[in-house]
């Protein structure tokens, strides 16, 4: 726990959550649940969710009015880190992406009827949702290029498009779909976000995309979807027409904090496993892995890198709390690539320290190795964030990098 | 193809093999075969093996007497690289580990009856085999610590022990088991290698170990095995009693070349996929991924690193050909960590270049990402090789690092 | 300025200091003063010191009673960063090492007569001092091995020994000498710190050691010294006999903060020069260095790394303020290697961005490149700190790394 | 010695040269000669040159007709490595840049009178020369941007321009000046190379540029020059008008080999010093630096990296020998950034291993640290070579990166 950002609430909540995780969730980290489909572990996690509710730890991301605790982003970030120390944490506490982002979105921008129909059961953990933006035909680094369209006919939108990496679509009740509604507007004002129930005719889940050897299922999957003449009422528009990117941008700030604190949780747990193993694995009579200086180097560098990244992210969270995401844009770019790379390095060292065991699903490390390489890609590849940050910095020095493009 | 080491034979064979791979094997690199169990693709590969035989490309690793071409290690290394550009190459050509190593071993050290019974069908691709050395209770960095014992009773050995990471045991006809036969001898003279048919009573395949999310099966699996009062005739001894480590050492030289050239094949194919994608993926109207300087950096560094590693490995192979493995020990340590790390870097850059696509099994990259992290661990972890190499170098400067241990 | 740690005092002081530096000191960063000996620039800096006093910015590190402002370590750290943005900053403000450390030491542990004779003029900038600990014959990683002895005769100590890297000895009024006074005590209780006026007979400045091409002189030099039968009164003992290491340890906490914040100041200024140059250097008609993505990568990574390091150091400073150095030991090890390496990377990127110009003394970068490589060595080499940190962490996991040594 | 490329000549010459260096030149590596100006050591090196001549080792880079041995580039590269193991090697053997390049140039393209007047004494070591190309106003990454002009008047060229980093101009007899003679031609056909005696009126050596703290002098300096209405006969044209870049390009191939093999020599010597020190430096009773695994890591990684780089460079040299520089262009780009970075890493590790001693001029390491950072900049910065290599590779994949620029 980073005392610099600790509050009364985090100091109360975190030990309780940590205790819960160790008792209820860490024991699920077996090869059985780390290799199979999510549907295998989901029933158990549903039971755990009830325990979370009983323990009064449900809805930590929600405003008080919705049964939450009005945590600041900086406070929730610290909790998010702890929840991320096991792959099952966020789901058990109903704070998992992409639902947490959709909850925020619907809270702010959904018209009342949608809120009742979708937001309430989402907060209650009764349904799941997804966010359908990325398209295989267009590079994610340029989000204004979209092929999906939503055309008004009568009081409906008719949506056509092809999406992929719509995470958790399998089994979700609805998607928030990014589609071009105003093709003649300026590039950043063309798209809108529209809520599409996934049982609407014309929606096809083509496949759960096999990733690192697994298609997965349910919440733990990434779908390819086709929308063919999908009709939804115009009242399903979230926010205003043409505001799609604006809302997506707004989502990014807190979303980035969630991701980065999750990375830090993974790194911290990997670090713990690395140290634990180093201290116990005997190499020869009386000599332990931890006696090896190269392993000590892994440990020391990891400690420094995790702590530095955490400070950077929590400082950014606090700045968003105080000044809003727009004023924090550079820091939001910075933490993404810095923290994702840190996490992957620490995880890699933890695996290397474990030797052959680190490759197996007898620890949680291999699960993360396969699933978290994505951290340097989704939500903006390293290269995109670095270029964006540098452009912003250079603007302060009088160079407009974008001028010729 | 590295012209420096090209011979008439490699210049004839490599283009033919490359053509075969592109026509028969690259098309198998689909999500279907890259995510499922090996048993799914095996029947198809059996057909491909017949095509290999028809094409006169079978047994490239074998002496002429056995239908091979008497290739030098340096020549076979170059072929091994090409075969490794697809996960199915070596298997289709029957040059896959661990069988290729067992063929070499039996050739040199097996008594005649074992050669007829096991070596012939192995060379013909009719059976498979495994090498059972690593034990979960003891660190691989110190191979002289072994818990498995083989005790003489009558004209048999009675074997008891616990092994894991016995690759390809599932479905194999026999294992070469490393077991302590001479517990009173000096540490390096205690163990022997014994051929154990896997249908011998007392042999239990506990499980195929789940690795990076997959237990796998058949050739593509890594088993945990128990040997409980397993009885085999003493004539199943390979080489002489107490020579276990000596034979294992001998295996390492050529084995290291096989591994390293395989890494280079993976790196080279990843490089090709990276360049291909960079040249074709449009970021915005008329701007391609390959126009990005950060991607150009990936490409340039990868080109340099692959070429340098290949030269280092082939030079080492030639030295083994000319002077034997013992005289090449330092180079054999060097190439392992240098090449494995290079391969993982290049692969990582290729994935990053592909973005989300790189995480999917729609290309071969994600398969390698999950399976090849092992390269820095098996057959000696980076740290073990680095320390061994440094010790050997420092000995030349008068410091005996081992003296106090 | 990092707002997280800003106080009213830092917010008032830092802009004033920054303005002073830009007006009075940055203009001195010319090849003339960056390549010659310190004696060339010293007279000018003496004038600047008077301007500092006039501006009321003198003695920022001192307690109020001595004309300072009672800044916390965390506050002074932030000021130290700003002062370090030019090689002349700390000297002009009389906050330069090693004097700042000696001021702290004498404040706490010197008997009254020494305080009047040495501490007062030191705080006034009338004399300079040095700290004489490192010996060429013994590795710095093991400070308890010392060859220098101080033997009591009558009411004097007779000191004999050979020291090097006694920074700033040339022209200093006195040295604090670390010498063995209690050879029979436990290793960490053998040495004492004794104040030795450098004009005492028997003290020989053998040479200013040539470093990276320069022997330097005056404050900017590192001396080799011999102490041969050097006699000083026993009243020159600082603290108690045998407390030498304890005092040295105590010095390390704040000293580490000073060093690390200095590294951050150097990094921040290098970053500024890099961005400035990237924004202005034309590569071809209308294309600037900053348009190059590889340069953008340098900028983005540097921004992230500097900010992360600063947070880590200031958090550590605050912890020392609140809990003392002993309770902060691990963090104090961590920041040293993390920050020194960060600074050298950022500096290296800044030089690379400047191309040939970056090698010249036409900017301040080359000065730092030559002088600051030392950062990874003095005050504990990277390897020493990493091993120390890992040992401390592993102790928490039940492994006592030191047990066998 | 890399046996793969060894020839009878290299096997004969290298041990003799190595012996010479150890006896005559390594002893000059003292603080005195490593920190002062070149003029201090030059008289001694002149004596050593006579010893080289006596030993029959003079002119190793020359054709047989000129007293050389007709070494191939690959053979001379191996010798160049050995000579580079001390900062004084190449000069003592008269194979130093930039003279070696000018010798090659004049050999091929100088009209007979210039050959007699300048080439002969250059080969005899009686005069020195320089190559005047880089200009402070234009980025080196785009060599076609030149401000220096040579205008024909009568039978003379009148040259005006401003150059810097004209290495070794101080004391040189002549410069080869790159100047625009055909401003209307295509960018790559505008410049010519013209021989300008440095005592021609209008030539001003503005300064030896201070680099990393030293302006240096004589051969070991880098000058800023002004050419103001400098008149030389048109017969001083080297090659043909407008062929300036073509000749510069041609020079690059062999020049790159010289540089890279020099880097390898520096790395190899640094490695030797690192191992030597690690084996001898005692940390505590009976424990040596070389017992530390982090130091072992330095040693192992350095060994691998040096060997790999050497193979890459020598393979490239052989390819130039066999196919010419044009056909080897990609490899020539590759070796520059790969080898320069390798050398700086190895050197850095050697310094770190030496601790404080590594910073001093008591070893040769600090000299190289200050002087060789330039390796990643001159003759094409890393970024330029990487982008060039990637462009060339991507062209093979159908992407013309330059198309839009």
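Going in written order, the chains are labelled A, B, C and D, and every chain counts its residues from 1.
Keep in mind that, in the parts below, contacts are C-beta pairs under 8 Å (C-beta built on N, C-alpha and C of every residue); 3 or more make two chains touch, one makes a residue touch a chain.
Every value quoted in this text rests on a predicted model; they were computed, and no experiment measured them.
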Any chain touching chain C and chain D at once appears in the list A, B
Chain located farthest away, centre of chain A as origin (C-alpha) = D
Centre to centre, by mean C-alpha position, how many angstrom separate chain A and chain C?
-> 42
Determine the centre-to-centre distance between chain A and chain B, using the mean Cα coordinates as centres, and give it in whole Å.
-> 37
Quick one: report the Å distance separating chain A from chain D, using the average Cα coordinate of each chain.
-> 52
What are the residues of chain D that contact at least two other chains?
-> 287, 292-295, 297, 383, 386-387
Determine the shape of the graph in which chains are vertices and touching pairs are edges (line, ring, star, complete, other).
-> complete
Touching chain B in the complex: which residues of chain A?
-> 31, 34-35, 134, 136, 139-142, 145, 164-165, 209-215, 281-284, 287, 289, 292, 294-295, 351-352, 355-362, 366-367, 369-370, 373-374, 376-378, 381-383, 386-387, 405
Chain A residues within the chain D interface of the complex | 292-294, 297
Within the complex, which stretch of chain D touches chain B?
-> 2, 4, 275-276, 278-280, 286-288, 290-291, 293, 295-297, 299-301, 303-305, 307-309, 311-312, 315, 318, 330-331, 333-335, 337-338, 383, 385-387, 389-391, 393-394, 396-399, 401, 404
